[in-house]
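Contents: one structure, followed by commentary.
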Amino acid sequence: MTEFPTSIGSSDAATINLLGQDLANDLMGHVGFGELAFWLVAGRRPLAGELRLFEAVLVSLTDHGFTPTVIAARLTLTGAPESLQGAVAAGLLGGGSRFLGVTEDSGRFLADALSDRQDDLPVDDDGWDALARTAVRREHDAGRLLPGLGHPIHKDGDPRTPVIVRIAEEEGLRGPHLRLFEAVGRVHPDIIGRMLPLNGAGVAGAALADLGFPPEVLRGFALLARTAGLVGHLSEEMRRPVGLDIYRDIDQAVRYRPRPPSP
Amino acid sequence: MTEFPTSIGSSDAATINLLGQDLANDLMGHVGFGELAFWLVAGRRPLAGELRLFEAVLVSLTDHGFTPTVIAARLTLTGAPESLQGAVAAGLLGGGSRFLGVTEDSGRFLADALSDRQDDLPVDDDGWDALARTAVRREHDAGRLLPGLGHPIHKDGDPRTPVIVRIAEEEGLRGPHLRLFEAVGRVHPDIIGRMLPLNGAGVAGAALADLGFPPEVLRGFALLARTAGLVGHLSEEMRRPVGLDIYRDIDQAVRYRPRPPSP
Amino acid sequence: MTEFPTSIGSSDAATINLLGQDLANDLMGHVGFGELAFWLVAGRRPLAGELRLFEAVLVSLTDHGFTPTVIAARLTLTGAPESLQGAVAAGLLGGGSRFLGVTEDSGRFLADALSDRQDDLPVDDDGWDALARTAVRREHDAGRLLPGLGHPIHKDGDPRTPVIVRIAEEEGLRGPHLRLFEAVGRVHPDIIGRMLPLNGAGVAGAALADLGFPPEVLRGFALLARTAGLVGHLSEEMRRPVGLDIYRDIDQAVRYRPRPPSP
Amino acid sequence: MTEFPTSIGSSDAATINLLGQDLANDLMGHVGFGELAFWLVAGRRPLAGELRLFEAVLVSLTDHGFTPTVIAARLTLTGAPESLQGAVAAGLLGGGSRFLGVTEDSGRFLADALSDRQDDLPVDDDGWDALARTAVRREHDAGRLLPGLGHPIHKDGDPRTPVIVRIAEEEGLRGPHLRLFEAVGRVHPDIIGRMLPLNGAGVAGAALADLGFPPEVLRGFALLARTAGLVGHLSEEMRRPVGLDIYRDIDQAVRYRPRPPSP
């Protein structure tokens, strides 16, 4: 049979190896849960400043109220109260391109814009603005939406964005992705013709990219953060259920309309 | 329309309220991710010692190698590489009664055994052993398996168990559920006729119960911990995929056998 | 490596074997889709009358409007429009004990009540009523709800129930499970003190049990039927989305309430 | 509250309306399950020939042995045997771009190639070949893979493909998508430099497109067909489980390798 290599871990009768460490003696009680999540994906333990920024990003992504994914999770628990894992899974499944994908798309957009300037990064805001103008114009001319801009509720500014930037600055981690993202915030109105706020999902993608994570794993951290939020909502749903009320209200607002013939 | 009450949070144009706090200014950068997960379910912020024990439990539940749920998640990514949320969800869906349910079942078994002794808890090991004997005998006589005992690999002792007990002791949190669970470890061989180790899922349930969480939410923390492990495995699967190799090996070992007629 | 036996099928370069048949030449164009679903689980091809009853049951279970599972599926598509499989999966995950489980629970309840009368079944309605009285009384005395009784909308009778019974009668398939279920409908008011209609999920379970399926697979057919309904709803959601409107209405009805302290 | 329009159905105390029909009296016992699935998505009842082709396509997509999705579903049942819906959902979640997406991608590729020739379709094989050459060359020059070509097992021809074409021909439904797909099979070797078989997922997409379905719903039918296959596999897994054996074999083939430092 084929051998399957892994760097995550292994175990024998007496020991559990996780990431090359002795889980029981070297990790439990010595590393935090957020720290371990970073380590599992990065393959290295975060420094203290990195961990503070990383956990701030996770905290910022944990919950946003009764989002479509939270409603879906609560309604799933209504039908299958014996299967908490099913309700959490249903909630995560809405974490696709439209909501959670923004974090990944922003990280990728910024990484792409930086990719041919690796050895020649701007040294001041004017330089970052110029680089941002090129990237924004290319997206705009191609008819693509800029990821990480705009928010249905926080129209005049997402409160999470400046806090992530500040924490990154405090920890010496305000790197090229964040600087470019901030520059996008400054230059885009002249190009697209209106002012949109830099949103929390976008700044999360920029900060995670500055922590060294590649775009394709960013959605994973958004899902991890969201899982904590879902567990919170579902434990509330167990104590004080609203699923049947949501169902009843929606059901009463449904109106049957015969389907119009296809053209 | 009905109003739907929630204690998780709310937001307006300028502020995001999570758990009654200002997310951006009071939580981000000030609370860790594990701390927030505790707070979301408990409705209160953990003390430092509670948090250390809680995170040790999460760390202990994060990963156990190529478990059925990890294999399912990796194979799901093979077929739907564009949908990381689908692969994480598939992995969580195996977190049912047989594996993750042990944490919940242990917490419930211990809570039930303690429920009519709330104001009259044992004061020494002999007292705990007597209480454990009653509870173990009741399960054994009813033909039910004792939750939290036995492990397919760690037959002579699960290395996580003594570490959780030690951390709880260090933090002044070795409460009635853990003490009863330890007593179950001492008394069960005389009753069921063989010695089984107290496993990591069981001790996790006992520790979480001593932290004040009711049995029905315990599986939620196991799912949260497992999500971090799944994100780690799936980011490895992206870098170095094994899904198609697993598929090929299994497929080659399948043998068609006509179905025998029903009796 | 271990060999894994299966009676479902196998394939080589030139042929696909499904259920011991040549898929391309013997099944495609020759068996219907519902017929194949029956065959896959039963291990035998249905007779014409069995197939008519089986498909009537599937048709009866396909859709019930904007149920919690349909709402969850539509909201999941809102967040992940690129992943139809995720939206279908989210919809199915609500198919647990509270809704779809009724079909399975009814089948199991009836099978259990019949299990010690296999060679001595009643021969007339009085006999069935007596058997039903024993079974209903046992559940009622044990404080358990009778599966398959009652419906939130069809309070005076579920229109699906008499049609399933009639089709079974027409096809010579009104067997012991259906007869016992009908008797439960006659005798339960005297025992539980009120009249509840025999619901569609319950009669589906009875009919499927009379077709020879064991209780543990019945939920599978409910899930299959529901998948067709979900695909219908989701294709409508693609043409004329309501997910964001549902989200907005619910979100506006949410009210933050500080969590009361635990007792 | 907003009203939510639907053409799927509605119900009141006495009647269930599905697709504008009386479910109990007009549909149950009168339409087959496959027929209803067609109707739900198309918004119209299929003619007899359409139904035969449609069901042949569903039958062709139902199962392909121990695929990654089947293995994931079986392993999920191992961990959560109480939640059949979770195991089915886990299986469906692998139905993404790599496997099930082929049906959709083929339908879309063919529809796109036909879109500017709507009123001027070829009248003979030479005409179809010319149109196919243009479409194949455009994909090939853009470095994109042609959807619906090639199969890991059926290297010399997928046995399902000619059968779908034949049934479509018999029913007068061999329309432009199938004709163009056949032409792709004839012309591609000269352009891409090797001969690949037209696979079953691709021909399914072509046939469904000829039945009038738009590309974005095609994956839904593949998911429906796959659900029947999964229910078959999972009912076998209940009778004769292999999940723990698969886990053990894979687990024993895993080898821990320290992660190489990032570049």
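A, B, C and D label the chains in the order they appear, each numbered from 1.
We take it that contacts are C-beta pairs under 8 Å (C-beta built on N, C-alpha and C of every residue); 3 or more make two chains touch, one makes a residue touch a chain.
Being a predicted model, the structure only gives us computed values, none of them experimental.
Listed here as common contacts of chain B and chain C: A, D. Although chain A and chain D carry the same sequence, what matters here is overlap: shared residue numbers make up over half of all numbers found at their interface.
Annotation: 38 Å between the Cα-based centres of chain B and chain D. Remark: chain A and chain D have CA centroids separated by 32 Å (rounded to whole angstrom). Per-chain CA centroids place chain C at a distance of 24 Å from chain D. Among all residues of chain C, those that touch two or more other chains are 1-2, 4-7, 9-10, 65-66, 80, 82-83, 85-86, 89-90, 93-96, 100, 246, 249-250, 253-254. Interchain contacts join each chain to each other chain, per the touch definition above. Contacts from chain A toward chain C in the complex involve residues 1, 65-69, 71-73, 75-76, 78-83, 86-87, 89-90, 93-100, 243-244, 246-247, 249-251, 253-254.
The touching residues of chain B, counted against chain C in their complex, run 1-7, 9-10, 17, 20, 43, 80, 82-83, 85-86, 89, 93, 212, 249-250, 253-259, 262. Chain B makes touch with chain A in their complex at residues 1-2, 4-16, 18, 22-25, 27-29, 31-34, 36-37, 40-41, 52, 55-56, 58-60, 62-66, 83-86, 88-90, 92-96, 100, 153-157, 159-160, 162-164, 167, 216-217, 219-221, 223-225, 227-229, 231-236, 238, 240, 242, 245-246, 248-249.
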